[in-house]
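Next come two complexes built around chain A: one with chain B, the other with chain C.
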Partner chain A sequence: MMWMSTNIFYSRGVSLNMSWIREGELNLIEKLSANILKAGPMPKHVAFIMDGNRRYARKRQMERQEGHTQGFDKLAETLRWCLNLSIHEVTVYAFSIENFNRSKDEVDGLMELAKQKFIRLLEEQENLEKHGVCIRVLGDLTLLPLDLQQHIARAVVATRTHNKCFLNVCFAYTSRHEIANAVREMAWGVEQGLIKSSDVSEALLSQCLYSSNSPNPDLLIRTSGEVRLSDFLLWQTSHSCLVFQSVLWPEYSFWNLCDAILQYQLNHRPLQKARDQHREGQALQQHEADRACVADLLQHHGNGKPLDAQRRQEALLNYTASREERVQDFLGVLQHKRDSFLTDLTSQAALA
Partner chain B sequence: MTKNQNSHLMYKINTDNLPNHLAIIMDGNGRWAKQKGFLRTLGHESGSKSVKKIIKECSDLGIGFLTLYAFSTENWNRPKLEVDTLMRVLINSLKKELPTLLENNIKMNAIGNLEKLPKNAQKELQDVINKTKDNTKMTLTLALSYGSREEIVNVVKIISDKVKNNIISIDTIDDSIINEHLYTHNLPDVDLLIRTSGEHRISNFLLWQIAYAELYFTDVLWPDFKQQDLHEAIISYQKRERRFGKTSEQIK
Partner chain C sequence: MAVVYEFVWQVLHVLLHIHRTLITWFRTRLRNWNGQLWSRALTALLVPIALSFPNPKNLVPAPGKRVGRRYRCGTDGKSLEKLPDHIALLIAEEEPRYTDIANLVVWCMAVGISYVSVYDNYGVFRRNNSRLMDEILKQQQELLDLEGSKQLSVEFLNNGTVKQDQQVLSCQSVLKVLSPDDGKLRIVQAAQQLCRAVEQREKTSKDINVTVLDSLLRESKSTPDPDLVLKFGPVESTLGFLPWHIRLTEFISLPSHVDVSYEDLFSALQRYASCEQRLGK
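Moving on to the complex of A and B:
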C-alpha cells in the first residue's frame, strides 16, 4: 500500500515520489570545500529562482512535466547541501502568479505535482520533526484549487513550531502582489484606528509582507542564464548579493552552490557596509519622525509654554513606547488573521 | 544613425528593439578617483562628464526614457564636503546642460524626496524642468535624494490617508493603484537596468519598477563608461528572450 502511494507514473516510465528530506552527508571533497567556505562569511538565508526545468526537459527529450518533477528533486537535494553548509533558511520561487497564464495542461500538471508533494510532506512529519524543518508557503493561496490550499495549510500548521531550519516556498506569488497585500493591510490598520498613518515605516511594511518571519536573503541565485528578478522578493533583496548562473535548475550541482557562495564572500564587505548604513539611516529617520510627531502633539495640546529639555525627552520616550506598542498590537491582529485562515482550511480538510 | 566612429558595435544594434526605459546605477566615481590617486570629489566631477556623454547617446539612439541614480537617501550620510561637492556638481551641470537639453528635445524630470535638497538646487532643478517641459524626444529622470523603499512607504501613507478620507476603498488597492502613486507614475516600467563598477546588487533603486527588467552588470567604473559600453549593454539586452512568466512557445 505504502509502496503504491509513493509512485507516480509518467508516459515515459516510472518516477518515485521523492522525499522532501534527503538524508546523507557530503563526500570527502565536498566536505573539504564546505569547510574552506565556512572559514569565511556565510549567507544565513539563500533565495533561489529555480529556472530551467522546461528547457532541461526539452534538452533531454522528456515530457515537460518530468522536468518539473526533477526540478523538485533537485530542490530537496539543494536543501540538504544548504543544511550541510549551515545555511538554515532557504526561500524558493516555485510558482509565479504570472505562470497561471501558461497552458491549462501545464498549470494543471504543476498543481497536481504540488498536491502530491504536500501530501508526501505530511507523510514525512516524523522526519521533518527530527530535522526541525519549518515549511512556510508565501503567496496568495486563495488563487489555488481548494484541495491544494488545504494540503498546504496542513503542512504549514504541522511544521509551524519547528525551528532548526526554514523552507519558504513562494507559490501563487509575485512580489508586487505581496507588497499590494501589505499596503491593503496597513491601509486597513489606519482605517480601523489600530495604527496611525505616521506609524507606517519600512520596518512595518517588512512585517506586513508574507515573509515577515524571515530576515532578508543574503544571497539570491537564479539559474538557467536569465538575468532578471521576475517579480521575486523585490523589497527583500534590495541589499542582497545577486548571482546569475547559466546552469539549468535540474542540473544544479554542489559546486554551483559553492561558486555562488564564493561570489557572496567576494562581495561581502561592501554589501554589509551598505546594509549597515541603510539600517542606521532608518533608525535615525524613525527617531526624527517620532520627534516631529511629538513636536506636533505638544504644539496642539500644550499650553503654549515651551517645555524644558527633560520634559521634551520624556514626551519623546513616551511617544516612542506607545507607537511601538500600537504597532505590535496591530501586527498581532494580522498574525491572528493569517493563523485563522490556515486553521479554517485545516478544519475544512478534516471534515472533508 | 549617429556618427559615432568610436563604436564598431553601432551596426549591431537593432533600432527596433531598444529598451524603452533604461535605468542606470552610476557606481564607481569614488573607486575611480582612489585608483588614480585623486580626491573622491574629482571622481564625481569626472562622473558628470560620463553623464553628459551617455545622455546624448541615449537620445541619439532613440531611447524614450532614461533614469539615472544620481543621489540616494543613503548619500546624505556621507561627509559634508562630499555632499556639498555633489550638490555643487548637480547645480553646475543643470545650468550648463540646459542648452543641450533644449537642442536635443529632452524633457527633464526628477524623482525622490526633493524637499531635502538645498534650496538653490531645488530652484535650479525646477527651472530646468519648467524650461524643458514641452520637449518630447526623450524624458531624462534624475533620481535625487531617492530611495525605493522610502518611495513605497510614502505611497502607503498617501493611500492610507485616502482610504481614511473615503477617496479610495481598500478593495481597489492593487498593483496599478500603487503604481499611480509612485514618483514614477508617469514613466513606463524599466526594461533594462545597468549597474557599473562590478557590484551585484540593486541597492534600493526602483525596486518595484524593475520587476521584469533585464539586469546588466559591468565592472567598468562610471567615469570610464563610454558609448561603446552602452552599446554592449544594449546588444546584450537585445539577445535576451523576455517572457514575463509565460513560456517561450507562448511568446512566439
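Moving on to the complex of A and C:
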C-alpha cells in the first residue's frame, strides 16, 4: 500500500499549498483530452487500490519506505487530476487489517508516517477550508495506536462540514469487518429497542457501513496487474466498473486514469441497466417484506374478521411510514454515536 | 466549444465500438478458418492411411469443431502448478448458450476442479436449472466417449438438496448454480437471523463478528470461497456476484462464452497458476 511525502509544489500564481493535493494544472493536450472525456458520462466517485509500491522500490533498487513515499506523491498527483476531471469523491485503500501481519518495523514505520501526514494535514486547515476538502477515515480505528486515532479524529472533525470534494481513506479496514460491523450496529439497534429485526434490509445495511455518507463508487481501479479485490468495498462495488491496470502505482499517469475512465464510459449503459434492475428488485423485496409484516400484525391484533382491500392498503402505508421513521431515528442515533466517538478522541487529545 | 468536444467524444466511442466488433469478428473467423484447415489437412493425410488399413474407424477424424482439440484434461490439470479449488463461471452476456456453459463445466471437472459455480445476473440459470443439468449430462457423455476410461461423478448442489448421479465414482465434483439472490440478499437474511436472535435474547450484539457471519454465509463447512472467477462478456463488473465470498478471488476475463474452446479455458487456468497471493503481507 501507499504512503507519505513532504513535497510541496508551487505553481504560477496562487498556490494550492497542500501536501495531500499536488499543485499543478493540466497541460494543453491533457486539458483537451479531459474536455473530450467530459462530453460523456463521468464517474462521480472513484476508488483506488494503490498497489505496487514495494515492487516499484525493488525495480528502482531503492528502500521499501521510499516506494511508499513515492506512492503518496502519486496519490497527491492523482487527486489533482481527479479534481481537474471534476471527480469530486475519491476513496483509497491505505491500510488493510491484513497488513498488520507485516513485519513490526514496516507496520511501525507506516503508523508513524500516517501520524505525520495527519498532523501535516491539520496545519493546512486554511487551504482545506478554501477548497472544501472533507476527509473521512473508514475502518476500525480502535485497532490503531491511540495517538494516531487522535490525530485522525482531529482531521476528520476539522473537515467535517466541508462539502466540495471528499477523500475517504480506508485505514485499518477490510470489507468483511465493515459488513460485520454494520450487522453488529443493527443488532445493537434492536437491543436498544430502536428498530425491529424485520426492519433489517439491504438499504439499512448500506446505511450502517462506514461508507454510509458516500454514494457507491462508479469506478474501481487497481494497479500493478493484480486482478483481485483484496477485501476492499466488496458490498459497495457490486455494480461498479472494475478496471485492472498493470502499471505500478508510483508510475501511474494521467493517461492511465483517462484509460480507466474510458472503460467506465464503455460500460456505463449496461451497468446502469443492471443497477436499475437490482434497485427494482430491492424495492419489490421491501414491499413484500412490509406486506408480510402487516399481515402478521393484523392476524395478531385483529378480531378474526378479514379486512377489506382498502383497509389493508391503509395499514400497509401506515406500517411503511412508521418503519421508515423508526429507521431514520435509529440512523440519527448511530451517526451521533460515531460523531461522539471522534469528538471524544479530540477532547482527549486536547487535554493530553 | 462544448459541441466540438462532444463531437470528438462521439467519434472516439464509435471508433472504439468498431474496434471491438472487428476483434470479435476476427477471433471467430480465425477459429472457424483454423478448424476447417485442420480437418482438411488431417483428412488429406489420413484418408490414404485409412484406405490401406482394414479398420479405418479410429483414424478418420470426426467432423465439426472437435477436430484437433486435445482431450487430456486429467493430465493437463496435473501439469498446472496450482488449480483452483472452486471456480466460478460468471456469464455477463445477454443470451446464455447452455451447450457452451455445459462444455465449460464438464471441462473444469475433468481437469480436476472440485467446485464449479455458474452465475448470471438475471438468475436465468437458476430458473432453467433442469435444462442446464441435462446439457451438462449430455456433454459429459460426449466427453467420456472421447476420453474413454475416465468416469466422472457429479453432485448437483442446488438449494441445499443433493442429487446423486448414478455413475461410478473415480473423481467427484460439486456444481452450484447461483443468482444475485445468493449475494447481498443472503447477507441480509443472515443479518436478520442474527438480529432475531438478539431480539429473543439468545445473543448479544457484541457476539456478532466476521467469523459468526462467515459461518452463516457458508453453505457447507467444506465449500471453499471461489478462488477464480472466469468472467465471460464485455461488462467489466462482478454484477452482484457473492460480495462476501470474493475478497481474495482472482478475476480473469474472457471475451465470450459463445463457442468457447478448451484452449481458452486452459490458458485462463495457466494464468491463474502463475499469480501470487501475498495476503496483505
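To be clear about the criterion, the second predicted complex is superposed on the first by the 334 of 352 C-alpha atoms of A that agree within 3 Å, B and C clash if a C-alpha of one lies under 4 Å from a C-alpha of the other, contacts with A are read in each partner's own complex, and residues count from 1 in each chain.
Criterion: a contact is a pair of C-beta atoms (placed from the backbone, for glycine too) under 8 Å apart; a residue touches a chain by one contact, two chains touch by 3 or more.
In this text, all values refer to a predicted model and were calculated from it rather than measured experimentally.
Student: Following superposition onto chain A, is the placement of chain B relative to chain C best described as a clash or a fit?
Tutor: With chain A aligned, chain B runs into chain C, so clash.
Student: Give one of first, second, both or neither to describe whether A:98 is in contact with chain B, with chain C, with both, or with none.
Tutor: both
Student: Looking at A:153, would you say it contacts chain B, chain C, both, or neither? Reply first, second, both or neither.
Tutor: Neither: A:153 stays clear of chain B and chain C.
Student: Give one of first, second, both or neither to describe whether A:200 is in contact with chain B, with chain C, with both, or with none.
Tutor: After superposition on chain A, A:200 lies in contact with both partners, chain B and chain C.
Student: Return first, second, both or neither, reflecting whether A:280 touches chain B, chain C, both chains, or no partner chain.
Tutor: A:280: touches chain B, not chain C.
Student: Tell me the contact category for A:237 with respect to chain B and chain C: first, second, both or neither.
Tutor: both
Student: For A:39, select first, second, both or neither according to whether it touches chain B, chain C, the two together, or no partner.
Tutor: After superposition on chain A, A:39 lies in contact with chain C alone.
Student: Is A:229 touching the first partner chain B, the second partner chain C, both, or neither of them?
Tutor: both
Student: Thinking of the overlay built on chain A, is A:190 touched by chain B (first), by chain C (second), by both, or by neither?
Tutor: In the superposition, A:190 contacts both chain B and chain C.
Student: Could you say whether A:177 touches chain B, chain C, both of them, or neither, answering first, second, both or neither?
Tutor: A:177 sits against chain B and chain C alike.
Student: So which bits of chain A does chain B touch that chain C touches too?
Tutor: Looking at chain A, the two contact sets intersect at 96-99, 101-102, 174-177, 179-180, 182-184, 186-188, 190-191, 197-198, 200-202, 205, 226-231, 234-235, 237-244, 263, 267, 270-271, 274, 277-278, 281.
Student: Under the touch definition given earlier, write down the residues of chain C that touch chain A in their complex.
Tutor: 1-2, 5-6, 8-10, 12-13, 16, 121-122, 180, 183-185, 187-188, 190-192, 194-196, 198-199, 203-206, 208-210, 212-214, 234-241, 243-244, 246-252, 275, 277, 279-281
Student: Enumerate the contact residues on chain A facing chain B in the complex.
Tutor: My answer: residues 54, 96-99, 101-103, 106, 174-177, 179-180, 182-184, 186-191, 197-198, 200-202, 205, 226-231, 234-235, 237-244, 263, 267, 270-271, 274, 277-278, 280-281.
Student: Where on chain B is chain A touching in the complex?
Tutor: 73-74, 76-77, 148-150, 152-153, 155-157, 159-161, 163-164, 170, 173-175, 177-178, 199-204, 207-208, 210-217, 240, 242, 244-247, 250
Student: Chain C touches which residues of chain A in the complex?
Tutor: Touch list, chain A to chain C: 35-40, 96-102, 174-177, 179-180, 182-188, 190-191, 196-198, 200-202, 205, 226-231, 234-235, 237-244, 262-263, 265-267, 270-271, 274, 277-278, 281, 285.
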